[in-house]
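Input: structures, listed below.
Below, chain A partners chain B and then partners chain C, in two separate complexes.
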Partner chain A sequence: MNPYLLKRLALSAVTLWLVTVVVFTLVRVLPGDAVVAASAQSPGEGALTRTEIDAGRAVLGLDRPLIVQYGEWFWELITLDAGDSFVTGSSVWSEMRPRLSVTLELALVALLITVVGGTTFGILSASMEGRKFDVVVRSVSLLAASIPQFWIALLLVVVMASWWGYFIPVEYRSIWDDPARNAQQILIPAMILAIRPLALLTRVMRSSSIEVLGNDYIRAARARGLLNRDVLFRHVLKNALIPSLTVLAAQSVFLLGGAVVIESVFNLPGVGRGLVQAISFRDYPIIQFITLLMGLGAVCINLCIDLLYGAIDPRIKLARSDNGS
Partner chain B sequence: MNARVILNLPRRRRIGVTGIVLISLLVVMAGLAPLGLTSPLDQDLESRFVKASFDHPFGTDQFGRDQLSRVVHASRQSLIVASLVAVISGLGGGVLGIASGYVGGKFDLLVQRIVDALIALPLVVLALVAVTAYPNSRLAIVIVLSIGFAPIVVRVTRASVLSMRTAPFVEAARALGTTDLQIVVRHIVPNVMGPWLIVAGTQVGVSILAESSLSFLGFGAPISDPSLGSLLGGEAQTFLHRAPWLIIWPGITISLLVLSINLLFEGFATVPRPRHH
Partner chain C sequence: MRNFGLILLSLMIFVVLIACSDSENSGPASGTSGIPVSKSSPATSTTAPETPGGPRYGGNLRIAQPGDPVSCDLAMSRGTGYQSVHPCNPMLSQIVRSSPTDHSIITGDLAEDWSLSEDGRTWKFKVRPDALWHDGSQVTADDLKFSIDRVINPPEGLFAGRAAPIAGYVSTTDQVVAVSDETLTITTDFPAASFITNLANVYVSVFPKTITEQLDPPSMILHEQVVGSGPFKFNSATRGSFYEMVKNEDYYEPNRPYLDSITFLVMPSPAVRVAALKTGEADIVMLLTEPEAESLAGESDRIRLIREPSAGGNTVQMNLSKAPFNDPRVRRAVNLAFSRSDAMLALGGGFNGAIMPPGGPWALDTDEVLTLPGYGDDEAERARARELLANAGYPDGLAVQMHTRSDPFSTSLAEFAVAQLRKVGINAKLIPLERTAYAEFVSSGEHTLISHSHSFSLDDPDAILPAHYACGGEENYPGLCDPEIDRLIEAQARELDPDDRKKLVDEIQRLVWSTDAKIWFNWSVRRTPVSTKVMNFNPGGPSLYQGRRFESVWLTE
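Here is the complex of A and B:
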């Protein structure tokens, strides 16, 4: 295996381990725990006594030193067992699997919109620099990067309901059960989720395409009689993508975070909404699992994009093997 | 800088000036809020759910509270939180980034791994988990968002320190026997200021958005002292179809705040892209 890949993998593993430490510390530092939260949630029975709380903590294993709890959690992770939910008692994995597919579908559709839209608008805008299309793309993308997504979502819900009497179907169906219904439930949230990443990718793609367009080899390609379309989507696309990849990596992480908010607005039973619910119940195993899952997703995305650099630009691969970093 | 960029300058300046004017107007509006407006908490159950009128230009909510006054007060809260976050994460991230880039070695490696781990978690998730400890505390939000934003500042400043560490003027200073502290203060810091200022400044806009997301979800600003995000969440969502005017103005205000900051940086700066390592 090539040494660069090995080094990247090792670094990703270290990052991931640090993510588990950050997640664990963050979650366990919270004052109040599942037992206290449960007692607060059932006001009719009155508050639990001190001994009852201690007993509840002992059942959940919360009375042991933090380092022991971390060790146990970490061991479970390695053996691919994420533990049981404090609230429902069933395994975290069985609770999360249906949620995972919702969020994955949402994020992937949004990512697709971002990549296709961002590269196309960016390149076209660059090729028409200063013309009307370019001015519109620049203004719209600047505006789109400034508007909170959940607000657009709320406006859209109101507008669709009052102007067309349309409501997004409430009860979630998976794409396999009912594709038409699933499309109604996923497409609009995914489009809203993609707005900000799309705007930012378009801007970066535009400026890097302008840089590429100024190169001699583009003029040479034009001189050879290549169609404008071929110049843009063969020569410019590949070269302009490289600086855009960094933005894409950051925006993919943003997509995961944005999913938390968008799922809450549209009541989608995804991982993000699960996180918000788990937090109000102080359901540590679930909170830890979801946060770690998002971290894992982000680390994988970063690793993939890092490897993509080499695939797209052979110069980067050469430079890396030269100095071994 | 090529000719094209220079040719664009006047237009870009116009954009930047628009940003400055807009943000100044919003800040003045938010600052003068308490004068002349009714309290955002004053309830008037006689006039609940009033649409826009002379007495209540933005209408009233389910308790008959004046929405204009609420929006103005809330935008002040959003601005305060965002500026504090930019200052704290800017200073903290800047110092750490310079130290990490200049000292290098094991210290640098350690800092970079922590930065990687923090960047790997989406900001909203990080903040959501951390803020649960002290829900609806403004201080907690400021601290959490600052920790969330600092890694980006660290990356940018570190990258520009690295590009300077072996620059001739730094080597010359070292050869003359200048101490490390003096090199950093006299030579490194002034040269890092540009990218640092831009990355810290753009955080103001992003943290307004992040804070409003948290408040929207109900984990942000205290109920007695709402921010723009909280005006859109919770009860406003319950009465979404009955009183849609309640969600219009807070959203426009957030957008204008963020837009003015984006215009400002669009006009006066090229946002640096931290190199990917």
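Here is the complex of A and C:
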């Protein structure tokens, strides 16, 4: 195996282990635990006595030393068992599996919109630098990158309901059960989720494309009589992609995080909402699983982007091989 | 004068609400022992339809709420509020229940009849023969015993929540006997006036013994796990999205339910819930704030807004063991700082009351309430408050911290409280805490002053007083521990004469009020917007929890 890849994999494993330590520690720093949280769900009634809290903690194993709790959880992870939810008693995996498919679908559609929209608008804007289209794209992308997503999402729901009497269907159906309904439920939230990454990618793509467009080989290509479309998508796109990939990596991780808010507004039963609920209930196994999963996602995305750099620009690959050997 | 006008207005609203309620069955009957055994037959437990055309069968009722149900095992879960009760109760039954149209009436449920022994201790329940679990098996007295036993002696890791008062009457499971498949007897430790009322609490739900025992833990926590005997049965659910139940064709009440199905929609954002109501995506939205309710003003042709007493309200509570609130003069000053009429104005209405829900059978007489400290002339009381603070050593006022939950509802109430306290020179710094952090903080006893809301599931002295005002009560956040109050709480539970019991409860209210430990500054109004196509949706009383089985609700289209 490529030594560079091996080194990156080893670093990723260390990163993930650190994530487990940080996540495990942080959730326990939060005041209260699952036993107290259960009695806090209904305002005004149902508080537990200290005796009941202690008994509840003993049943959940929260009275044991932290190192023992961590060791048990870590061993479960190694054996691919994420434990059971403190709230429902079901296995974490069975709780999260349906949620994962919702969030992945949402994030993938948003990513698709980001990549297609961001590269197209960026390149076109660069090719029309200083013209009306460019001014509009720059202004809109600046605005889109500045406005909070939850605000746009809430506004859209209220406007659609008030002006057109339309409400996105609530009962979630998977793409396999009811593709048409699923499209109604996913497309608009994915578009909202993609607004900020799309705006950022557009701006980065535009600036890197302008830089590439000024190179001699582009002038040479045009002198050879190549169509503008061919110049943009065969020569400019590939060379402008490297800086955009860095932005795309960061924004892909952001998509996972942004899903937390978007899922709540659009009533999508995804991982993001699951995380919010789990934090509220101090459901440690679920919180740990989701944050670890997001950490894993971030590590994988960054690893993939690093490998993509090499695939797009062989000089980067060569440099790594030289350093690695 | 303005205050008087507001008080008069609130009284008029209250009188209208009372007049609108079903007064025909409001008086509890007494059994031979003197214990109220009021009941109506199961067949009359539902109301007549609201339109002359009669009820219509079919349709899907859609109700929006902010979150998922925490647990459908209502008997075994602390803190399960209406978001658990409403989506789960339609699948469940009880031994006896509060009438859905008038919560003060106890009606048969799985028990078609019951009687009380001469000594007032042994209750005999006759299990209805036509009651079936959703899997088709027969409901037996064994199931009823199992359900009461687990409240008295909860399985490991589970806690009897709001069902817990039952264990205060029946201390051992030996006192619950399944005499035969059709007969159950429960012997209380003492003749208890409120036993049957607490047994009728929605939280004392009945679960099938065999199926529940096979679960690990033995508790129907998840919606899809529920095998009940209620009018609706589980159909499908996606956690975080929706919970759907369909009509139980074998339901024991004749010709019920009317609806084909009920769907509970999970919508965390209040703006989204209101939007869903406006577009017809939801037929009912539970609990709105006043500004949200006002946003529906132009929709009166499609949405009617039900405003009713909420059996709950808003308080500030002081830790009696911590300075400066260990000084009764400071506590009295806090009480006098609040203008109840300002509270009604700022919080969208409300009711005047002492420590039991106003409008209910245990409320202190309204005339007397208006003579309590805190209900007098605002300016005179605030002048007196400043005087008390000066006498207590705080002539220039004092600075304190006030903790509350960080949700918008709680913080808006706390902000009102802070503004009221400032008027007498008490500068309270508001510290909102996340829900669980707040619960941990309060349970640790570290608090000095909190702004806290209560919503009672049952308007009954035994369900409210011991937990909130007795020494060591789990909701007794001020740490009140007065032997005389404890004695009276114990005495009222054993007093069988309704009038004498009411006098004892009134005495407790006066005593507790005089401690100024928990200041009720506003008994609140609940706002429930309902689509005009929903008929027979009658909460039947101030509790947000009772009578929510929806078997008599029907849709016009």
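Please note the rule applied: the second predicted complex is superposed on the first by the 317 of 325 C-alpha atoms of A that agree within 3 Å, B and C clash if a C-alpha of one lies under 4 Å from a C-alpha of the other, contacts with A are read in each partner's own complex, and residues count from 1 in each chain.
The definition used in the following text is that contacts are C-beta pairs under 8 Å (C-beta built on N, C-alpha and C of every residue); 3 or more make two chains touch, one makes a residue touch a chain.
Just so you know, these numbers come straight off a predicted model, no measurement behind them.
In the superposed model, A:Y172 lies in contact with chain C only, and not with chain B. Shared-chain residue A:L142: touches chain B; no touch with chain C. In the superposition on chain A, no contact is made by A:S101 with either chain B or chain C.
By the touch criterion defined above, A:S264 lies against chain B and chain C together after alignment on the C-alpha atoms of chain A.
By the touch criterion stated above, A:S91 is placed in contact with neither chain B nor chain C.
In the superposition on chain A, contact is made by A:A161 with both chain B and chain C.
In the superposition on chain A, A:T120 makes contact with neither chain B nor chain C.
In the superposition on chain A, no contact is made by A:Q69 with either chain B or chain C.
Looking at chain A, you'll find residues 30-31, 154, 157-158, 161-162, 264, 280, 282 touch chain B in one structure and chain C in the other. Residues 2, 4, 113-114, 116-126, 128-130, 132-134, 205, 209, 212-213, 216-217, 219, 229, 232, 237, 240-241, 244, 247-248, 250-251, 254-255, 258-259, 262-263, 266, 273-276 of chain B are the ones that touch chain A when the two sit in their complex.
Within the complex formed with chain C, the chain A residues making contact are 30-33, 36-50, 52-53, 55-56, 59-60, 87-90, 95, 98-99, 154, 157-158, 160-162, 165-167, 169-172, 263-265, 267-270, 273-274, 277, 280-282. Contact residues of chain C toward chain A in the complex are 67-68, 70-71, 77-83, 156-157, 159, 161-162, 216-217, 219, 221-222, 238-242, 244, 263, 265-269, 271-272, 275-276, 278-281, 312, 405, 410, 433-443, 452-457, 467, 472, 474-475.
Within the complex, the chain A residues that touch chain B are 11, 14-16, 18-19, 21-23, 26-27, 29-31, 142-143, 145-148, 150-151, 154-155, 157-158, 161-162, 204, 210, 214, 243, 245-247, 249, 253-254, 256-258, 260-261, 264, 275-276, 279-280, 282, 287, 290-291, 294-295, 298-299, 302, 305-306, 309.
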